[in-house]
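Working notes for the structure below.
So that you can tell them apart, the chains are marked A, B, C and D in the order they are listed, and the count of residues begins at 1 in each.
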Amino acid sequence: MNKKTQLVLASLAAALVAAGCASGPSVAELNALTDKIVKASFRDQSHVKVARLTATDETNTACSEADVAGKPLDEKIAKRIEEANMKAIKWPSDGKFIGDWKQGEAIAQSGRGLTWTDSATALNGGNCYNCHQMDKKEISYGTIGPSLYNYGKIRGVSNPDDPASKPIVEYTWGKIWNAKAYNACSNMPRAGHMGILNETQVRHIVGLLLDPKSPVNQ
Amino acid sequence: MQNRRETLKQSAVVAGLLATAGFPQFAHAAFNKAAFDAKSVQDAAKAAGATSMAESKDVTIIGPDIAENGAVVPLGASSALPGVKHLLIMVEKNPSALVAMFHVTDAVEANFSTRAKMGQSSDVYAVALMNDGRALWAKKEVKVTLGGCGG
Amino acid sequence: MKKTSTLSMAAALMMCVVPAMAQKTASQGIDEYRAMLQDGNPAELFEAKGEDLWKKARGPKNATLEKCDLGKGPGVFKGVFVELPKYFADTQKMQDLESRLVTCMETLQGFNAAEISKTAFGRGEMANVTALATWVAAESKGMKFNLSQSHTQEKTFYEVGKRLFFQRGGTHDFSCASCHGEEGKRIRLQDLPILTKNPGDGVGFAAWPAYRVSNGQMWSMQLRLNDCYRQQRFPYPGFASDATVALSTYLGVNAKGAASIAPAIKR
Amino acid sequence: MADPMRIRAQASGDKATVRVLMSHEMETGQRKDASGKTVPAWFIQEVTAKLNGKDVFSAEWGPAVSKNPFLQFTVKGGKAGDKIAVTWKDNKGDTRTDEATVS
């Protein structure tokens, strides 16, 4: 399959040369070739299917294209993507936003799930510490995302059930469920939207961030 | 003139002599299963022949403060004291504490390094087992972190 | 239900200020740990095995690899590593070190290249390809990366590789750039090299193959990329597929001027 | 057959520092494979070394020594040109000896 694609590519290059096109293939041609190479190079493995790449949504395709161009996403497209993702957020079915921070901590620590070496049925981890500081006692944390140490405290959440805390509580849920609702090309996964975490797990993570008793707020 | 049987007999005797008298300091080279099976630092030291234990400034344990991965933790043990028979490297919280037992001879310095597996953060020990049965030890804490993507 | 307020967004931005002080001791400790491992890199074991495999008559044709052309003529192994992937006229393909070694194993020794490519990492002839790659890479230690961009396919593969680097997808929307697009970032305690430009000597592309202490395995660049894609929650990239070779071309060209330290020792 | 060791021995003053890398799985006997079966313990138990044919070093190892083990020791009186031979033996009875010259 390698050879085939590369031969196609060679003939494409040859055609371009014949046409006197010294500057090489166009952006559209390169994009098409990349798609072709992706289809020929990746294969299903266990429960991880190639469709994860080929059938991705506009959020990803538009942001990828902007990244390649090295320019921020067009404002109108960004707005449209954010609105679509905002609409897709599922709010807690029972109105309860705050779960058990202890279980939230375990989910935040775990980086497991959804790779081809993971079981297809086990509960997934949240990968939070890979990118964020949270509990100060955990020194092994990443810096791709901002520190979330004292997340609730900094925002003045002393009682998450207080109506005054509502905007923060809801924002926190929404951000975890679908980060792209607030920033179209955020690096952060859409934990709820993409089925990485279920509603109960998201609730526990919100608890970890906002419960005044959580180590995050100590 | 020797017959074949006698030759065999004689070489067996020679082999026996070599085995017992050859190098007395290597007499205990056989694997000390009891010491390696022992769970705790104390039990492992006892199984290796220790009759008493005491912390000592004359024994040195070398290891990192933090290990990026518990699968490979560089550890070293040394002592300049006279009369050291064995140098032991131990990890307190491993299922069995004893990692390695080095035999000190006139031909080598009492200074050895290897790398150990650690299941979790733990104190690591260098134990110098003296000719008189005393076990002199030094310890330090090694933190084992969860690296990579936490998978 | 309507959610977000600009107020909470502003609050979210404010928390970006990270206290860096407490971290210092941890990263110093990690540096000290890494320094302790430098002396005695088990990659040397694989290097020795690779050199042996190069000179040994093997395969259905019972031949050595000593006439293998890795890009600088038959039998030349010094300096080839820092110029790969490149275009090879005989196969009419862009090839990296590993796919080129497999080509040589087929043409010179009579092995079945497709069979080798299907073999799991660390097994059978694939383990031998990794050992060979480790040795060939070691023969360019200290040399600076300098990939050719003169052939049309070399330029095209760079462009395709760039698109693959920024391709978001999978369940987590990750691209290579999610982790390797910015300077000075970390996953957990691991420093992440920026790979859109030369990240410096012996960093990123210039460090692999490397011995992984976490699993005691020798990892080639193909396996490095394979596992990146696994953790990106992407599907499985074929060994030496056009995608992995194109991505390598992008990384290799970007690393121009970086001195190779391969084989390195890694977490 | 086990792969060869890498032995580096360097003389300085009146002693030689020996660094050895061995190719060995060092299975603890506590790990489970993909099918849930315990992988049996398989580890180097004894390491010995000779300088110019004379025993100088011996050690006993347990399964907690890392995979592809590293070992460093210092031989008194070792000088450039001396031959250092290292032997390991594992719990399955497999053994391997390699030799290097002190530089």
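Simple rule for what comes next: a contact is a pair of C-beta atoms (placed from the backbone, for glycine too) under 8 Å apart; a residue touches a chain by one contact, two chains touch by 3 or more.
Note that the coordinates shown come from a computational prediction; the quantities given were computed from them, not determined experimentally.
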Any chain in contact with subunit B as well as subunit D: C
Most centrally placed chain, judged by C-alpha centres: C
Pair with more cross-chain C-beta pairs in contact, given B-C and C-D: B-C
Chain centre separation (subunit B, subunit C; CA means) in Å: 39
Inter-centroid spacing, subunit D versus subunit A (mean Cα positions, whole Å): 47
Inter-centroid spacing, subunit D versus subunit C (mean Cα positions, whole Å): 30
Centre distance in Å when subunit A and subunit C are each reduced to the mean of their C-alpha atoms: 24
Multi-partner residues of subunit A (each touching 2 or more other chains): 115, 127, 129-130, 139-140
Subunit B: positions in contact with at least two other chains: 71-72, 74, 115, 143, 145-151
Junction residues of subunit C - those touching two or more other chains: 26, 187-189, 213, 216, 231
Of all residues in subunit D, those that touch subunit C in their complex: 3-6, 19, 21-23, 25-26, 66-68, 70, 72
Touch list for subunit C against partner subunit A, complex: 1, 3-5, 7-9, 11-12, 14-19, 22-23, 26, 92-94, 152-153, 155-156, 159-160, 162-164, 166-175, 177-179, 181-182, 184-189, 192, 230-231, 233-238, 240-244, 246
In the complex, subunit C residues that touch subunit B: 25-26, 29-30, 32-34, 36-37, 187-190, 213-216, 231, 267
Complex contact set, residues of subunit D against subunit B: 15, 26, 28, 30, 45-46, 48, 51, 54-67, 69-77, 91
Subunit B - residues contacting subunit D, complex: 23, 26, 29, 31-32, 35-36, 71-74, 76, 91, 94-96, 98-103, 105-109, 111-117
